[in-house]
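Just so it is clear, A, B, C, D and E label the chains in written order, and each chain counts residues from 1 on its own.
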C-alpha cells in the first residue's frame, strides 16, 4: 500500500468534488501527491507491461463459452493505489474478466494474484474478504432491504454477523452505530440519504447503480472493481462522484473500473487498459488511447476525440439517408415503401 | 339372534384334526396319495389316501405335536415335493389344523416369460408419459406466470372424473368422453385463470401468497370432489378386464399401448407447438419477461389463458389415461402431484421438453427401483435420483445456468 | 380356467395356471365389486372378515336408519360397541368412563344371556348378571377387552362381482375359554340415575376407509336410537356426537378427538383403522375417556398400555389370520403370494397369516410377502413381483386400493378372473 | 422565471400541446399505494418530433414512460394518442397502435435466442421478419452473427443492442426509448444517436430518456427536464443545453471540458 | 346461538392446543428458512419427524431418559440439515423446494417401511414415551381442568404450557437474531446471493446456519406433537403439514417474528371452526339436514378451509403482520 496518503492531495481532491468546480483542475493538478500517476508516468504504453507496484497480476487467463473466447489475457498488472480504466467494445470480455478475478466464474486456464497471493482457488466471498470488492453491471439491489441496510451489509468485519455474537447486542451495537454513520456519509455523497429507509427494490435504475457502488465502498476495500458505475447516472452527479473516487485513491485504494463514457475515463483514470475480443489490445495513460489506431478502430470509432458535433451528425445523417435511399430502391419491396410513405 | 344361526366352522368344536389338500394348479387335485400321521415318537395315528378332491383328514387323539408324512412316490409326472416329505405341526386343543406339505409343479418363480427389468422399464415409460402429460401444464403455468400451482393435481382429477361421469353415468363411449373431459379440463383451467389468478395478478399478489392460495384451492377442490364423486375408486365402463399381451420380454394391455401412443403423439404435438408456433414463442417470451412481452405486442393475458386451457386439457387427458389404468379417484391427481413436481423440476423448470424428459426419468426410475428396494419404498428411489441429479446439475437436466454479472 | 384366446401370459405348454385370490376385511365388501365392470372379474375370490350372519331383522333396522347402505361391514360391531358402553354405564350407575370401564368385560360373559339393550337392562334391574351376546357374536371378552373368540365370515364373490350370499360360510376362530373370568365390580342398584352418557364417534367419513363409514355410522345411530327408546342410560337419553376419523395420512382424527373431548364425551366409538386409533389412543385414554373400536383388528392393541380404557368389539388379527390361513391351506395352495398394505393392520394381518401358514407346514420359500404403499399412484411393480413368483394363491390385504391391485392381477392372468 | 421554466408550466403546456400526437396531462402515477412518483406531469410529443427527457436519478423519467405506455396504473390525468384516450390501455394494444417501447432494465428475453428476441419485435407482423432483421443486423452485426445464441448469455452492451434491435424490428410510428445508449461502447452510442435521428427523419416520433444528457439534447427537437415527478424545464434541446441552471443542476461540466 | 357460541369455544381451544404449537414451531422454522433466508424448504416436516422420533426411539426403543431423547431429536435434525444442506444449498430456490419435498417424503417412506419396523415401529410407530415428561407437570395430570370455557386434561395442559413457552423462546431468539447484523446478512441472501458474496459474506455458511436453526425449530415442533399425541407414527408426518405450515406463515406474514405464531393459531382455529361451526349450524337447523348431513361436514370443512385460506390471502396477501409494500416488490 502506498505509505503516504498525501493529506494535502486528499484535501485538494475533496474540494474538487463539489459540483461546479472547474473540471480542468483534475488534469492539471500537481502530480507529486498522486503517487500512482507519478509511478506510472514512465511506464511504457505496451500491452502486458510491468508496473512498479502491482496489486493485481493476471497471467494467461482464458475463458471460453462454447466456441466463443470471452477472455484471453496473457499478462496484465494493475498498479496499486491507481485508478485503472478498463475499456473495450461491448462483449470484449470486461465483465467476464471481473467475474473471473473475483471468483464468480472459473477460467479455463490461468492464474492471478492479489498482493502476491494466488486467488485462483478462492470463492467470491474469500476474494472479497481479502479486500477485492466488485460491483455488478446489471445491478443487484437487495430489494427487500432498505437502502441503509444495503449499505450496512457492505461493512466488513462485523462481529454481529457471527451467529452467537449476534445474540449479544452489546458486542455489536457500537460497531453498528459507527457503521451507520459512515453509511450515511456515503449515502449523502451519493444523493441517496433521503431514500435511506426505502426498500432498495423501489429505486430507479440509476439510483441502484449508485447504491451498488456506495455499498461496495462501504466495505473499505483495498481494490474496488466497478463495472460501469456511471452508466445511467445523471452527469452532474457523476461528476461529483468522480471527485469521491479520486479521494479514495488518495486514501490508497486501488480502483479498477469499466466505463464507456470516455469523458469519465479521461477524467479520472491513471492508466487505461483496452480489451477487445477477450484480449488486451492496448494499455497506457489516458492520452495514449485515442492515439492508438487499434483502439480507435475497435472501440472509439472515427469521432473519438469528442462527441460528434451537430454538423458532423448532420453530415452522417445525410450520408446515411442517401445510402438508405439507394438501398431501399433495390432491396425493399415496393409494398413496404408504400406503407411507410402512407404513414408519413 | 344371529349367533344361533352359525354353522359350526371347520376350526372349532369337532375335536382335534389334521387335514389338507394335495393339488397343484397345473395338475389339479391329486388322488390316491398316502398320508401318514404319527406322533413325534413314531407312533402312527393313521394313514389315509387323498380323495378325488385331493383332500385328506385324520382325527387325532388330542392336542399336541404330530408328524405328517406324504409318500412322494405316487405323485404324478411333473409334480414333486417342494421340500421334505414330512412336517411337524402343533395342534391346539379343539382345532382342525390344516397341513400344507407344499408341492412343486415347476410353475413357481417362472415369471410368465417376461424379463422383470424390461417389464418394469416399459411400465415406467408408460407411467412417466402419463406424468409428463399431466405435468406439461404445470410446467407451462410455472413458466408463464411463475405460479407454483399446488392445485394442478385437481385438474388431473377433474378430467378423470368428468370422463367417468360422461362415460359411466352418461353412457358415452370412453373416447368421446375423454375428448369431452379435455374440454372440461380446458374450461376448468380457464376458470382457474379468469376467476382467481388473473384478478390476483392484477392486484399484485406475490408469488408465495399465490402459492398458498393454490394450496387452499387444492384443498377446496379436492374435498368438493370427494363430496360429489365420493371416496371410492371407480373404473370406466370401457376397456376393462383386458388381458396383457405378450411382446417378448414384456407384456402390455392394449389400453396401455393406446395410452402410450396417445401420450407420445400429444406430447410431440405440444413440443412442436411450443417450438414452432407463434403462440409457443409468445409463451416462452411471457415466461421470460411479462412486461417486455406486453411491450412487444403480446396480449399477455390471452397467452396465459391459453396456457391454462392447454394445461387443463392436457392434465384432463392425463387424468383419463391414468384413470383408465388405475381407476378414477377423488385424490388421484393430488397423489401424483409430487411426482409431477419432481418430473418438471428434474428436467429444468419452465422448459416443456424438460418436463417430458424429467417425468419419463421419474416414472422409469420409480418402477425400476423396485428391483433393488422394497416395494413400499419405491418412491424413495425416484426421489433419491431427483436429489442426485439436481445436485450434479443444479439447473435441471435441460435448464441452462444463468450468467452472473 | 384356461379358456382365454389370444396372447396371454401362458407359462409354457401346460395350460394356464389358475390362481386363487383371497381378500380380507379391508376389501371383502361389495364396494370392491363395484370397481369392476366386466362379468366375472372377481368370480371366486374369497376372503375372511369378522362377521356373523346378520339377521334380516337387523339389516332392516339399519336400512331404516340409512336407506342407502350397500354393505354392513362392521355395522354390527359398531352397534355392539355402543350397546356395551351404554350397558356398562348403566351397570356402574355412572357415566364416568373411569368408573364404568371395569364393568365392560364382565358384561360379555357369564350370567344370563341377553341380546338387546332393553333385555339386558331388565336383567340388571332384576339384579341378575348380564352376558350380552351381540349382533356380531357372543363377544366374550378376554382380559385385554377384546373378543376371545370370533366368528369370521368366509365370503365369496360371484360372477356379478358382488358377494355371493349363498356361498358365505362362517367359521369361528379363537376360544371362548380364553375369555376373562373376572366379572368386574358389583352392579349399581336398579334404576340408578346420573349425568347423561355422551358417546362420540370417530368413524371414517373421509379417507381410504370412507367406504366403511356409512354402515358404521348407521350401526351407531341405530344403537343410540334403541337405547334411548328403551329409556336411555341412567334415566337420561344418550347423546351422540359424531366425528370423522379421516385416515392415517391426515390429522383429522386428532382434531376430531379434541373436539369430542371438548364436548365432554364419556366414550368414543372408533376408530376403524388401527393406524388411526394408534394416533389418538393416548389422548383419549389419557383424558379418562373410554375408547371402544368396532373395527380395529391389529394385534398391537392386545398388549397396549391403555389405562384399562381401550376396548374393541372386533377380534384381533391373530384370530382372523388363523381363519384366513386355514382357508388358504385347505385349498391346497403350494405357493402363496401376500400383497399387504403397509399399515398396522396390513402388516399385522399379513405377518400373522404367514406365520400360520408356516406353522401349517408351508416352507418359507413358498411364500412371497410384499408390502405396498397405499398412496402409490400405481401398483405395476407389486403386481409384477407376483407375476414373477407365479404363486398358486395371492392374498390381497388392503382397503380400497385392493381393486386396483386385483385389476392388475387380472390383466396379468393371475387374478380371480378366468 | 427563465423561458425554459416558463415553458414547463401547465398553461404553456396546454397551449402548445394542442393536436399533439402523444399528449399527457397532469399525470399522477406511482407504484406503491399512497406514494405518487409522478406529481402532475405534463408532456406532449408532436408528430415527427424527437423529444428528450433528462433529469436526476429517480426523477420519474422511466416512470413517465411506463405511465405513457400503460405499464403502471395512472391515478389521475390522461394520456392520449392521436386524440384517442389511451390512459392505462394495455401495452399490447398500444403496440398494435404503432407504439414501441424499450425499457431501461430487463429489456431482453434471456431464455430466448437473439433471433427469437427479434421475432418478438415483429410479433404482430411476423411476415416482415426477414426484411426487418436484415435491417437491424446491419446496424448491430452481432445480432446477425449470434442469432442462435441465448440472449441471457450476452454482455450488458450486447443486451442493449438486442433491446434496441427488438424495438427497431417493430417499425413503430412512436418510439419510447429508456436510456438506449447506456452500456454501449462509444462507437455504438454514436450509432444509436445517429440512428435515432435517422429513424426520426423517416417520420417516426421518438421520446428518449437519456442520462447521456448532452448528446440527447444535442439531437432532440425539444427536451424536458424532469425533477421529482414534475416538469422543471422545457425548451428546445439546444437552449436547454446552454441554460446555465440546467448545466449546473443536471448536465455537469465534465463532457464540456473536452 | 348457544350452540354456535359453544362451537366457537371449542374451536377456540384449537388456538392454544398443541397442534397450534406444532404448526407454530414448524412455521417459525420455515420463517427462518424461507421468510428470512429465502430457502424454499418444503421438507420441514422431515425435521419434525426426526424430532418426534428422536424422543420416541430413544425412550421406547433404547430405554434412554426423556431428555436424552430430546437431545437425540435435536441432533438428528442438525445432522439432517447438514446432510441436506451440504449438496443442495447451491440450488436455486425452486429446485431446493423440490429436493426438500423429496427428502421429507422419502424419509417418511423409509420410516414407515416394513424394513424400518425394528427401529421406527413401521406404520405402527412408537408410543409410551412421554410418561417422564408428563410426570413433571406441577399439577395433577389425571384431572380435567376448566379454563375459559374449555376443558383440558392435566397432561394436555402441561404439554401446551411447555409448548407455548418453547414457542415464546424460539420467537424471541428469532427476534434477537433478525435485528442483528446476522439477520441482515441472511435477509440479504434472500434477495441476491451473488451480491452478498461480493461483499465478502460466506453465503453457504449462513444458509447452513439458517437451515440448521430452522430445522431445530421444526424438530421441536415434532417433539411437541409426539408428546402431545403420545405417539410417533411416520404417517403423521405427511408433507401436507409442511404446506399447511407455509399457509400459516403466509397467513401471519412472512419475515415477521409473530407471523408464524399468529398464523398457526388462526389456521387451527379455522380448521376446527369449519367443523364445529357447521355442525352447530346443522344442529340448530340453520342448515337443513336434508341439504347437508353431518356426515358431509367432514369433507365440507376442508372445502371451507381451502376457501378460507384463499380469501384471507386474496384480501390480505401480505398476511396479518406483513408489509404490503414489501410484498408488492416481489410481484413478478
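In the analysis below, contacts are C-beta pairs under 8 Å (C-beta built on N, C-alpha and C of every residue); 3 or more make two chains touch, one makes a residue touch a chain.
Note that the structure is a prediction, hence the values are computed from the model and not measured.
Enquirer: Please report the minimal path length, in steps, between chain A and chain E on the chain touch graph.
Expert: Steps on the shortest route: 1.
Enquirer: Using mean Cα positions as chain centres, tell me which chain lies farthest from chain D.
Expert: Relative to chain D, the chain whose C-alpha centre sits farthest away is C.
Enquirer: Which chains, taken as a pair, are joined by the highest number of C-beta contacts?
Expert: Counting C-beta pairs in contact per chain pair, the top pair is B-C.
Enquirer: Using CA atoms only, can you tell me which chain is the most central one in this structure?
Expert: Going by the distance between chain centres and the overall C-alpha centre, it is E.
Enquirer: Centroid from C-alpha atoms only, then distance chain A to chain C, rounded to Å. What do you get?
Expert: Centres of chain A and chain C (C-alpha means) sit 78 Å apart.
Enquirer: From the mean C-alpha coordinate of chain C to that of chain E, what's the distance rounded to whole Å?
Expert: Measuring from centre to centre gives 34 Å for this pair.
Enquirer: Express in whole angstrom the distance between the two chain centres, defined as the mean CA positions of chain B and chain D.
Expert: Inter-chain centre distance comes to 57 Å.
Enquirer: When the centre of a chain is set as the mean of its C-alpha atoms, what distance in Å lies between chain D and chain E?
Expert: Here the centre of chain E sits 51 Å away from the centre of chain D.
Enquirer: Show the residues in chain A shared as contacts by 2 or more other chains, in ascending order.
Expert: 95-96, 104, 136-138, 202, 227
Enquirer: Tell me, which residues of chain B touch at least two other chains?
Expert: In chain B, 223, 226, 374, 376-377, 379, 404-405 touch at least two other chains.
Enquirer: Going through chain D residue by residue, note those that touch at least 2 other chains and give them in order.
Expert: Expected reply: 31-32, 153.
Enquirer: Given the complex with chain E, which residues does chain C contribute to the contact?
Expert: Spelled out, the residues of chain C in touch with chain E are 205-206, 213-214, 217, 242, 244, 246, 248-252, 254-256, 258-259, 261-264, 274-275, 278-283, 286-288, 298, 300, 304-305, 342-344, 346-348, 371, 373.
Enquirer: For a test of understanding, state which residues of chain E touch chain A in their complex under the given definition.
Expert: 173, 176-177, 180-185, 187-188, 190-192, 194-203, 209, 255, 325-326, 329-330
Enquirer: In their shared complex, at which residues does chain A touch chain D?
Expert: Answer in residue numbers: 19-20, 22-24, 65, 87-92, 94-96, 137-138, 191, 195, 202-207, 209-210, 227-228, 231-239, 242, 260-264, 266-267, 299-301, 303-308, 310, 313, 316-317, 320-321, 324, 331-333, 336, 340, 343-344.
Enquirer: Once bound in the complex, which stretches of chain D touch chain A?
Expert: Chain D reaches chain A through residues 31-32, 54-63, 104-105, 128, 131, 134, 142, 153-158, 160-161, 173, 179, 182-190, 193-194, 197-198, 201-203, 211-215, 218-219, 248-258.
Enquirer: Report the residues of chain B in contact with chain D in the complex, numbered from low to high.
Expert: Going through chain B, the ones touching chain D are 278, 281-282, 284-285, 287-289, 291-301, 350, 400, 402-403.
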